[in-house]
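Read through the structure below, which is laid out as structure tokens, and then see the notes.
Labels run A, B, C and D following the written order; every chain starts at residue 1.
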Amino acid sequence: MSAVRSAALAESINATLADLLEQDPRLLLLGEDIGRLGGVFRVTRGLRERFGAERVRDSLLAESTIVGQAVGMAMSGLVPVCEIQFDGFTYPAVNQLVTQAARIGDRWNGQVSPSLVVRIPTGGGVRGVEHHSESNEALFARVPGISVACPSTGEDADQILRYAVTLGSPVVMYEPIRLYWRRNTPARDPEPARSPTAARIVRRGTDLTIATFGAVTHEVLEAAYALSPEVDVEVVDLRWVAPLDMNTVLESVARTGRLLVVHEGSKDVGIGAEVAASVAEHAFDALRGPVRRLAPDRRAYPPADFEKDYLIGVREIKDEVLVMTK
Amino acid sequence: MSAVRSAALAESINATLADLLEQDPRLLLLGEDIGRLGGVFRVTRGLRERFGAERVRDSLLAESTIVGQAVGMAMSGLVPVCEIQFDGFTYPAVNQLVTQAARIGDRWNGQVSPSLVVRIPTGGGVRGVEHHSESNEALFARVPGISVACPSTGEDADQILRYAVTLGSPVVMYEPIRLYWRRNTPARDPEPARSPTAARIVRRGTDLTIATFGAVTHEVLEAAYALSPEVDVEVVDLRWVAPLDMNTVLESVARTGRLLVVHEGSKDVGIGAEVAASVAEHAFDALRGPVRRLAPDRRAYPPADFEKDYLIGVREIKDEVLVMTK
Amino acid sequence: MVLQAETEYGTDPDDDTRRSLLRHMLVARGVDEEARQLQKQGALDLWLSCQGQEAAQVGSALAVGPTATVFPSYREHAVALLRGVTPDELVAQWAGRTFCGWDPRRLRFFPYTLVLAAQTLHGVGYAIGQRLQGRDDLVVVYMGDGATSEGDMSEALNLAAVESASVLFICQNNGWAISKPAGEQMRTSVAERARGFGIESVRVPGQDPETVFSACSRAAAHVRAERAPCLVEIPVGRIHGHSTSDAQEVYRDHEDIARARAADPVTAYAARLGGLGLVDTAWLDAVDAEVRELRERLMKEYV
Amino acid sequence: MVLQAETEYGTDPDDDTRRSLLRHMLVARGVDEEARQLQKQGALDLWLSCQGQEAAQVGSALAVGPTATVFPSYREHAVALLRGVTPDELVAQWAGRTFCGWDPRRLRFFPYTLVLAAQTLHGVGYAIGQRLQGRDDLVVVYMGDGATSEGDMSEALNLAAVESASVLFICQNNGWAISKPAGEQMRTSVAERARGFGIESVRVPGQDPETVFSACSRAAAHVRAERAPCLVEIPVGRIHGHSTSDAQEVYRDHEDIARARAADPVTAYAARLGGLGLVDTAWLDAVDAEVRELRERLMKEYV
């Protein structure tokens, strides 16, 4: 397997945010500890010094306040990019996001198009304490009016952010914590995505399609390389989980005839369910065997000592592929 | 089609709550306007007079307060049955439900088993104003530690409630508003469910399985009767959407070879996705054609004048079945 | 509270303003009556009457002036009409046609928010946003007594206090949140609560539009001068049920309803201005005709 | 505030209590030091030090007595130890073994809640539940200054006030919510905010455990006697970063950190009781030995 050394996700996002702040005076950042501290993951490091405390705002410690005031700021013509400190602390902001941010455009009959971004560190594998390792992208994926992105590289995060701040409706972007400072990642096919919202085929293959997103994309790629040449796996990095680019997945399945969905969030009523169901609906005749999902069972993310059992690793992915192609 | 006249859903629930309050002194009700007024839908009518204001509690106007205090009450040994006034106002309570109620058992290493029920009026078709017609059962269905019930008859609501107050972990029960006072409903096969948590086959059939739940079950039954004898549809009323009784669905699909999932909540990452994905995974060989989902597209519930276009009616169900079986 | 002395802002309504207060109250009453009628006939799905609250609404809305940006809750019909929302635009959402029938931007009267207290954070965020862009408008946020129990309301008060946002909070305390009496919703007053967050506040009776006008004029001037938030709590009567679906007789005793009716601010103010000779029969007839015409047009549009 | 006069409850610590205060502070300090050590060695994933807050924690915990039920936040290690949580039980969750290492029911010390302010509503609900079942325990709810911005905190204050719940809220205001200074988190004090909801409150300095003990004794007695909530706000110093992952030097100036260190409540109180002749070298050595033994056992369990 070839690995590449690239800028870490946190560095990419930092650079993109700096550039956006530079280019668009209407843009501002808002979140707990993002200013003086530069964020608990240091993603916004140096931005307050560079752009001032008015544009890189250390918010009050209240997630509903963060999103609720961002809605008002968007109405006033600004483009707020919010940060929630950890995925597990998103819930107090759910009401403002779902009943307000997502619906303002409709409620105003299109007169207001709030470009409003919420960045959320996500995922496990870093021995986090309770609530600090969750993957809740499915929560917003089902909500009309909210787009949900799950980049797995700095390059994708950059493209997604630049698009999100112009979209005119709220975007939630999940940033995998364990990728923030990782530099070595499996190589990917260079082919770019068809559009900012499209999925991306990061490895071409002929035997089976794996649709995935977020941090685990790297484990999927590792597994794919390890399985080759016995099994030639195609890997689709969805990049967005709402709306989903099902065309890319369906085209891939039309070629390979097999679909495995892998994700870190728990399985039930998750993104994998939507992808698998859509394929079962629209590519039934192309399927050479049952679709499968590989994702944690329906249980809470455990204490750190047990997270290895919870997370999907390279081994599980390989085993699953072998079962499906044997 | 034969119709039966039965107690309305609201009457059933009222009678069950009265009986539970009668039997278990630890049980209490908690919600906005449930006492003096008897609830905006009059479901708890008369209970405050009968059991007193301490056990039928007019809560503060704050959903997080309702569920948060219920968690504390459960810790003290009580069994709170909460009401959220409308589905669309659930969101302020999401944090307490998801990060607290659902996790207390684990966090206490099993020392506390909070039996805590949240009743939520749900669904459209009654020309509700903004936020008053939603179907958000998928929101909690994906959360480990929360069970979600969606009864479509008073009898089922009764069985579910009696079970829920003993479960030792939180249960959210969605009650279709448009069934509260409806008395005439399509007849069902008399066969009871295998267990309080099992799905129920409410019409036996041979050609195609429709899995559904909640208010639209009645439209599904109507469609099934109308299609017979040309197409003989089996109807599975899931009754619980988390955890799902997939066995009943899989057995049914094994017999019929075809699956359609129908629900009122919007399609993406909904319950239908989970059911369809599970069937595509575990009953692939039994399937004679693609699974299909019939549910509203990914858009907000519209103003009342447009709800007919949004909702799934008998006609759409019939058309879909005909397409699948032609 | 420590608001500037009254004289400093000079806030008593002059005679034109007084007639204007009455006219807007009469219009609001007429439109509200017609909407109730339309609901009974099935032309509207629901109506939340503002009867009993006209003095508070008209007094506050005239006081803050046309440049203020208003974040209403959902019962501020008199404010809406005063701001130029037409009756048919006002009822459109209650007839199921839209989520907002008017042009929020042009009227600086933003859409109704049905999720209680959510708009309080929007209002503060908007005020901060305006200031950051070099515009320091006055933002007015309305809410009811019951809505103050929601976490968002407290969060908004704290945010406004910390950011010293130019927001005037106006709480119409009509004594009820559907069936829950305000006395069981809180221990203190909303005004006291605001002070706990560091927001100056005042509580003024809502029966007389002039009292409301004066208090809100002072409060608005204070917000503008100090660039700091302020809260005005206005106890008002709720004449009808919470909504047309609500049978208030179930939970509210007869005398209390009768008291609210007896304290009708519209008839009281009409009588008062009449007694003072500020309006005469001709004036009243003219307004009456105007109202009748509005009602007829509304009826035609919706039945 | 209008709490009963001090004499009415007689709340000054006697000499045994004073020694007890010091002993618990020394134990907490020692365990906290060891936990920091263990974290450096990789045996713990994270540690949130309570250093600088021992007087507030020990003073309040001793004052409310062993029968009170405690709903902590996540930094109340000195309270935990005083309540009988063993050091290895205390750190178990920070080593990734469990979500709660102790027996919450037996110790009447409930699990740490990491979602800020969520426990405030649980505490009030529990108090209501106990009362409904004929038990009127004192419930103690701890929270930090930053957590007070969350809507749940205000909702809990309102609920406690309206229900007159037997809850003592204790806010340890260490001046920081990670990197956000308390002065930018609120305009007033937490104590003033509580009064706005109708909850009596007091603000007492947290450097001296006796002051805290007296104030909390009075407050607890008040809650028990009046069956009504009360809030005590205790300004304390935060000696270390928010957590072992937090480099406070990035956002906090050197003098402020030095000030917190200089105002170390543990060394100050040890010196004071020494100076008063209430403890001697033998006593201090004995406690020292006890602490050393606890640290060793803890180290053995986790490395």
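Rule of thumb we're sticking to: a residue touches a chain if its C-beta (ideal position, glycine included) is under 8 Å from a C-beta of that chain, and two chains touch if they have at least 3 such contacts.
These numbers come from a predicted model, not from an experiment.
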| item | value |
| --- | --- |
| Neighbouring chains common to subunit A and subunit B, by label | C, D |
| Most distant chain from subunit B by Cα centroid | D |
| Centre-of-Cα separation between subunit C and subunit B, whole angstrom | 38 |
| For subunit B paired with subunit D, centre-to-centre distance based on mean C-alpha positions, whole Å | 43 |
| Residue list for subunit B, restricted to those that touch at least two other chains | 60, 62, 64-65, 88, 91-92, 95, 99, 103, 106-107, 130-131 |
| Per-residue overlap in subunit C, given as positions that touch at least 2 other chains | 98-99, 115, 149-152, 155, 158, 162, 184-185 |
| Graph class of chain-chain contacts, one of line, ring, star, complete, other | complete |
| Sites on subunit B touched by subunit C in the complex | 32-33, 35-38, 40, 58, 60-65, 88-89, 91-92, 127-132, 303-305, 307 |
| Residue ranges of subunit D touching subunit C (in the complex, touch as defined) | 149-155, 158, 161-162, 184-188, 192-199 |
| List of subunit B residues in touch with subunit D within their complex | 26, 28, 54, 60, 62, 64-65, 68-78, 92, 95-96, 99-100, 103, 106-109, 111-112 |
| In the complex with subunit B, residue positions of subunit D that touch it | 98-100, 103-105, 110-111, 113, 115, 118, 120-130, 132-133, 151-152, 155-156, 158-159, 162 |
| Partner subunit B, residues of subunit A touching it in the complex | 88, 91-92, 94-95, 98-99, 102-103, 106-107, 130-131, 138-139, 141-142, 144-145, 242-244, 266, 268-274, 276-282, 284-285, 287, 289-293, 298-300 |
